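Both complexes shown next keep chain A, but they swap its partner, so chain B is in the first and chain C is in the second.
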Partner chain A sequence: MTNWAPLDVLLWCILAHLVTSGVAIPIGRVSWARWPVYGASLLISGVACAYGLMHLIAQSSVAWETVLPLGLPWIGAHFRLDALSAFFLVVINLGGVAASLYGLGYGRHESAPERVLPFFPMFLAGMNLVLLAADAFTFLLSWESMSLASWALVMTHHQEEGNRKAGYVYIAMASFGTLALLLAFGLMAGPDGGYAFATMRADGAPSGLAGLVLGLALLGTGSKAGLVPLHVWLPLAHPAAPSHVSALMSGVMTKVAIYGFIRLAFDLLGPISWWWAVPVLIVGAVTAVLGVLSALMQNDIKRVLAYSTIENIGLIFVALGLALAFQGNGMTAAAAVAVTAALFHVLNHSLFKSLLFFGAGAVLTATGERAMENLGGLLNRMPTTGLLFLVGSVAISALPPLNGFASEWLMLQAILLSPELPQWALKLLIPAVGAMLALAAALAAACFVRAFGISFLGRPRSAAASNAHEVDRISIAAMSILAVLCLLAGIFPAIIIDAVAPAVQTIIGTRMPVQTDIAWLSIVPIAESRSSYNGLLVFIFIAASASLAVFAIHWLASAKLRRAPAWDCGFPDGSPATQYTADSFAQPLRRVLGGFAFRVHEEIHVPLPGNGSPARLIVTVHDLIWEWLYEPLIRLVNVLAERLNHLQFLTIRRYLSLVFGELIILLLILASWT
Partner chain B sequence: MDKLALDIAHFLAGSLVLVSLMLLYQDRLPALLNVFAFQAIILALSVAWQAYVQGASDLYLTAAITLSVKAIIIPVALHRMIRRLGIHREVETAINIGPTMLAGLGLVALSVVVILRVTVNADVFAREDLAFALSVVLLGMLMMVTRRNAVSQVVGFMSLENGLILAATGAKGMPFVVEISVAFSVLIAFIVIGIFLFRIRERFDTVDLEAMDDFRGESR
Partner chain C sequence: MIDTSLIDGLSIQVSQMLLVLLLSPLLTGLVRKVKARILRRRGPPLLQSYRDLIRLVRKEAIVAESASWLFRIVPYIVFATTWVAAALVPTFATGLLFSWSADLIVIIALLGSARFFLALAGMDVGTSFGGIGSSREAMIATLAEPALMMIVFTLALVAGSTQLSTVAGIMLSPGVGLRVSIGMALVALVIVAIAENARMPVDNPATHLELTMVHEAMVLEYSGRHLALLELSSSLKLLLYFSLIACVFVPWSLAPAGAPLHVHLIGAAVYVAKLGVAGILLAVFESMIAKMRVFRVPDLLGAAFMLGFLGTLLLFVSRSL
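Entry: the complex of A and B
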């Protein structure tokens, strides 16, 4: 087996996924069908992940290439495996392994498995194929198959009105994104039709059009990744799918979109100009802040996670924007730091977002509830899930010693290098973006304190929550693996940084200094005198001080322990509704920041003295992007459709006249062209 | 290429355009059919001349097919059809001869300009032939657009096909299969539309297509 080229193995893996998907169609309704289907996806993703990792770790600059006689006859289907693809293959197949494992347990509760099982392997195959595609046609085809398979998964529970709307908005935005990518590739290919990536890489963007292509790439990949203002479908669609698919869509599919952007902007577009960074930085920063602010306003736990995905995508795009700025000025070492931070965060986000979605799925299984207002007190009833969800929350809040901190710290290190840039525009913009990033990180912490605190702490707010039970062992195993990986990546960031280095090398041309040689597993992105971070030390310190504190409390505390009801202010049997709720926790931030971001309006109705009716607080939150951008657009489309509808009911002679007129106009254009 | 041969080819193709223009202002059906038969004869001559000049003997067969099917069988059949339908004395009122002729002349000018500009590097012999062929096609389409009577539309369609055959034979080395298929497609279209006409007639008592619009509940 060792003499097989990795690319061939990966292509066989994709074929195996497709075969699994085909097999799943006839057996989809059978109760045991999830075992072979998820088992096969688990195995195949594992193999693909291993081969990706092998290619990455080998540190070889060799890119495997092959052309299959598929697709358009004069193009064929080009495939290529380089270090960048290999890194994303690892991320995606790791997510695939985790989601398949989780699906083995979670799938038992699926009411319509025949709608999930055939599309799940197809979705994995589509994502893998995007990473290996090396010509525009194959890329777009795999991109679309990825979109369609995920759309089918979003529509699993199509009986619910909200899911149908989510599917509709999703497919509309996905088509828009593909259109933008199609135009971008069309411009890159030029009139000669050089659709292979190798040709594009050699030629670069046509002169003067690089900015346009970058804009189209940002639109196309941004609509899939969830950049503001193209994010509207994401908080609708990601929660609508079954939880392990939500994890795949949020944790993994958005990464495929980021891969697409990196491939286009850094690899194919040719020499980078510094000003490309400006739109990317601004969009990234706005996405990060708006995403996390929206997450704070949500009550549905899966929606909170989906909005938090938008925030993390914003962070990654900020890091990529920094890399563009540095690379455009020839500061390759700084660019390498920024790209490493972006790729590290890609890996981290896929780990903890999958973990959190699995946790949300476990809560959903145990209680049947997604609304946080109906949860509470779950930590006592589902201790393991609670602990794992806590690990995920700490990681995503970027607290040391977990992995989220390491990558966001690297990002801030890159931002601190910005004063060395020659352009004043960037010198002024990047610190502002850095401030936004810090704000987003702080808000993310608040958001996950809220998500964990309201769902898992306190007392149950509903009968469903008080009757919850721990989920099955396979689901817990899937979550535990991810939690351990989060911890390991946080404690040993140097290993990850060195593993990512070949991918950074392929797109930037240089890499960060080797980190694993540094004493005590510290990471030093630029110089020892500037900054360094040691995850292991922080972990040991936290572990030691925490155990010391526990030990001290138990040692020194009085032995006369007495359990009694908490003091209830003279109101016995207080209702669980007197606890902090999700909305009340978010209120301070809603008042401070929601005013301009969401035009939040609070209305308080207090009954007159003597009137026994309850007081009411009515909060209205507006989604300004939907109201100001999408609603006018929808109205415009409707008006145009209304007008064009008349064309459906013409006489034969008028149709002929239309065709004839069209022909004459084309001939006139042809006659006046030369 | 012999200059006389070129001139004769141009003369025949030009006549075809001229006859196409004549088709435009025929407002009685029998006259229209006669002019169409005349057009087919000229086409047959033109194809035969091409066969002689190019030395391509298979084109003689195309000419014979054109002559027999388009100049004789189809016009005769259509004559019988309009007699049986009782519309052979009707005058088609929809066409307005002046503007239609002006439009036709404009189309001829347009196609000459387009073809001469686009095919600068092409063979002289094929080049002007193509310009004439495009004129015939466009005039046929114009006829289909301006006429209301189903029979006139059929004639317009077949006149369009004549333009295509002129283009096909003008270019050297066009495979015979293409012409066969073109001829058969015309024949089939003719049969289908013939059957269709009787159907329309049975149902609506007229072959005026406006009646069908009325039937769909729309008025112009």
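Entry: the complex of A and C
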């Protein structure tokens, strides 16, 4: 096999995915269909992941290229595999492996498998294709096939009204994003039609238009990644799909969008100007804080996870913005730290977000509930799922020694390098961004205390929750693999940083110093006197002191343990309804931060004495972005559509004159262009 | 051949770990004693906290019927993370063997881990008091953490490092002098320390059966050895914050790496004295001030955040001018 070029293998993998997808159509309804389909996706993703990893750790600067006679006749389909694509291939196919494995178990409960099985491999194929595409046409075609396949998966349970709305909003936003990307590539290609990435890379953006192209790229990739204010579709669409597809969409597809942004901004657009960082930093920081604040207000566990994806995308964009700022000023070492942090977080988020969506899927299987208000006490009934969900929660809350902390620590180190920047705008902006990053991290911890605490701890709030059972072994295996990877990436960050280095080298031109040579596998971004972190030692210290405490307690203390009713200050109440709920847990933060962000209004109606009716608390939360940005837009579109409606009823004469007029206008534009 | 600096570092590390563990109940005892004396009570003896711990450890632990396995593990996790964090803050010497394994950001995040698990434990039994404690703790922590991060930025800008031993070394050097931003960071750090340790005016460590309690509400269901560990952890946390303030803002007579034994002993003696002064100041402050309404706490922490932020901005301005 070694004489095969990795790029060929990867293209064959994509073809195999498409074949699987074709095979799944006729057998989709059969009860055993999930075994061959998910089994094949598992195998193919595994091979693709291995080849991506091989290319990445070979540390070679070789980029494999090929042109296939597909697509537009005078262009062909260009494919290219470099270290950046290889890194994202690893992330995406790792997610694909985990989701396929989970699908083997979870798919048993699927009511409409024929709507999932054909699109699942197609979705994987589309994402892989985006990463390998090396001309604008192939890129956009793959991008659209990825969007369409995921849209079909979102519409799996289209009988539910909410899912239909989710699908509608998703397809509208996806079209908008592709339009923005189309314009961006059109500007890059220029009038000569240089659609191949190699041509764009050599020419760079046309002078004066780089900012416009960057803005379009931010709109196009940001709408797929979920940047505020283009995020509205994400919390609707991601939870609507079956849970392993939600994991792919949240954990993996958003990463494809980030790849698109990195490819455009760092690779194709030519020399980087420092001011590009300003919009990216602002949008990233706002996305991070608003995303996690919205997550705190949600009651549906899958929507909490979807909003938390928005937060993590914001964090990644902040790191990319820092990298743009450093790179624009020629501070390549600092830019390498920032890009490494971004890519590390890309990997981390794909791991723990997939894990958490799998956990949510397990809860859904066991209880049929997504509303946290109806869960509770699941840790006693689903101990393994509970433990694995806890690992994911700790990781995503950026707590040491797990992986989320390692990448956020690197981000903060990159922020601490910002005083060296010469521009005042960045000097003043970056500390504020750092504060928002810290706020987002703290809110994320609160959000996942709430998500785990309300769903898995306490007493069951419904019969479904009290009758829950542990899920099947395959689902647990998929979750366990991800949880172990979260732990390993957290305690051996040096290995990840070195593995990512070739990708960083490709886009920045330099890399972080080699980390695995440092004693004890510490990570030292710049110099040891400045800052260093050792996940392994911190992990060993915590484990050792905890064991020491256990040992001392068992040696010294009374080993007696008695089970008794809860104390609750002497007034325990038997009803589980007296517990804190998801809404009451969020109340203090809603009151402190929600008034500003969501114009939260709380009204309390207490009946007069003697009146036996219950007291009521009415909470109104406004989604300001939807109300102020999208609703006027929707109204405008409706008005325009109504105005244009009479165009449907013209005579053939008028149609012909319309077509003629349009032709003339286009020809005039073309004539004045050159 | 054995490297002597390694042995020195290891012995300093181990003695610091034992020192913080042994001193922390005494510090809590001192604060309680001074508070009682200010109220003209005699107060419990200084060693009472040790006796309390021993008494708790000997009792049987009562666990609520609805509690899960997490409830019984959390005290160990909270204790371990707090102890590791406390062991990494230089107290009397900077030559800690493992100081390079974690910088200030890691220490803060370790305390965050402890808080995360404690908040979960508060929700585990499924009582309203546990929930109220966890939810308010989450609010306070959410507001305190950005403020803390701003303080870290300020220090990192002055010292060019987030490594505590380096920061302490630079604070000792004559070049730093008195700076407005460092003063702001100190005030901000004191406010954050008060909030994080559940002291007055944010939370009252001496109360029970009150809707205003935060930390005590989370540990309400704990008893016996579990409660002993949690009490020890909160004493350790108080000691950690005092050590942090001492190490960064008054790092005098901190023994440098490789110094002879008597310098270390002097360092230890001065450290104990610093703790004593800080404990007395805290007790006096707590006696002078009334408990704040819980929704006033954000204003206090917002002030800490603004001070930290202003400190950072001032440094940015003064650096380039």
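Assume the second predicted complex is superposed on the first by the 638 of 674 C-alpha atoms of A that agree within 3 Å, B and C clash if a C-alpha of one lies under 4 Å from a C-alpha of the other, contacts with A are read in each partner's own complex, and residues count from 1 in each chain.
Methods note: contacts are C-beta pairs under 8 Å (C-beta built on N, C-alpha and C of every residue); 3 or more make two chains touch, one makes a residue touch a chain.
Keep in mind it's a predicted model, so treat the numbers as computed, not measured.
Visitor: Between chain B (first) and chain C (second), which, if any, makes contact with A:Tyr102: first, second, both or neither?
Guide: Neither chain B nor chain C is touched by A:Tyr102.
Visitor: Between chain B (first) and chain C (second), which, if any, makes contact with A:Trp151: first, second, both or neither?
Guide: neither
Visitor: Tell me the contact category for A:Pro400 with respect to chain B and chain C: first, second, both or neither.
Guide: second
Visitor: Go through the superposed model and pick first if A:Thr651 touches only chain B, second if only chain C, both, or neither.
Guide: first
Visitor: In this superposed model, does chain C or chain B come into contact with more residues of chain A?
Guide: C
Visitor: Should A:Leu667 be classified as contacting the first partner (chain B), the second (chain C), both, or neither?
Guide: A:Leu667: touches chain B, not chain C.
Visitor: On the A-aligned overlay, A:Tyr580 touches which partner chain: chain B = first, chain C = second, or both, or neither?
Guide: After superposing on A, A:Tyr580 lies in contact with chain C but is clear of chain B.
Visitor: Would you mind listing the overlap between the chain B footprint and the chain C footprint on chain A?
Guide: None.
Visitor: Quick check on the complex: what are the chain A residues that touch chain C?
Guide: Going through chain A, the ones touching chain C are 376-377, 379-380, 383, 386, 390, 394, 397-400, 405, 409, 412-413, 415-416, 419, 427-428, 431-432, 434-439, 441-443, 445-446, 448-450, 452-454, 456-459, 520, 522, 528-534, 537-538, 541-543, 545-546, 549-550, 553, 556-558, 560-569, 572-573, 576, 578-580, 584-589, 591-592.
Visitor: Which positions of chain C touch chain A when the two form their complex?
Guide: Its residues touching chain A are 57-66, 68-70, 76-77, 79-81, 83-84, 87, 98, 100-103, 105-106, 109-110, 112-113, 115-116, 119-120, 123-132, 134-136, 138-139, 141-146, 148-150, 153, 156-157, 160-163, 166, 208-209, 220-221, 224-225, 228-229, 294-295, 298, 305, 309, 312-313, 315-316, 319-320.
Visitor: So in the complex, the part of chain B that touches chain A is made up of which residues?
Guide: Against chain A, chain B makes touches at 107, 110-111, 113-114, 117-118, 138, 141-142, 144-145, 148, 209, 212-213, 218, 220.
Visitor: Could you pull out which chain A residues touch chain B in their complex?
Guide: 649, 651-653, 656-657, 660, 663-664, 667-668, 670-671, 674
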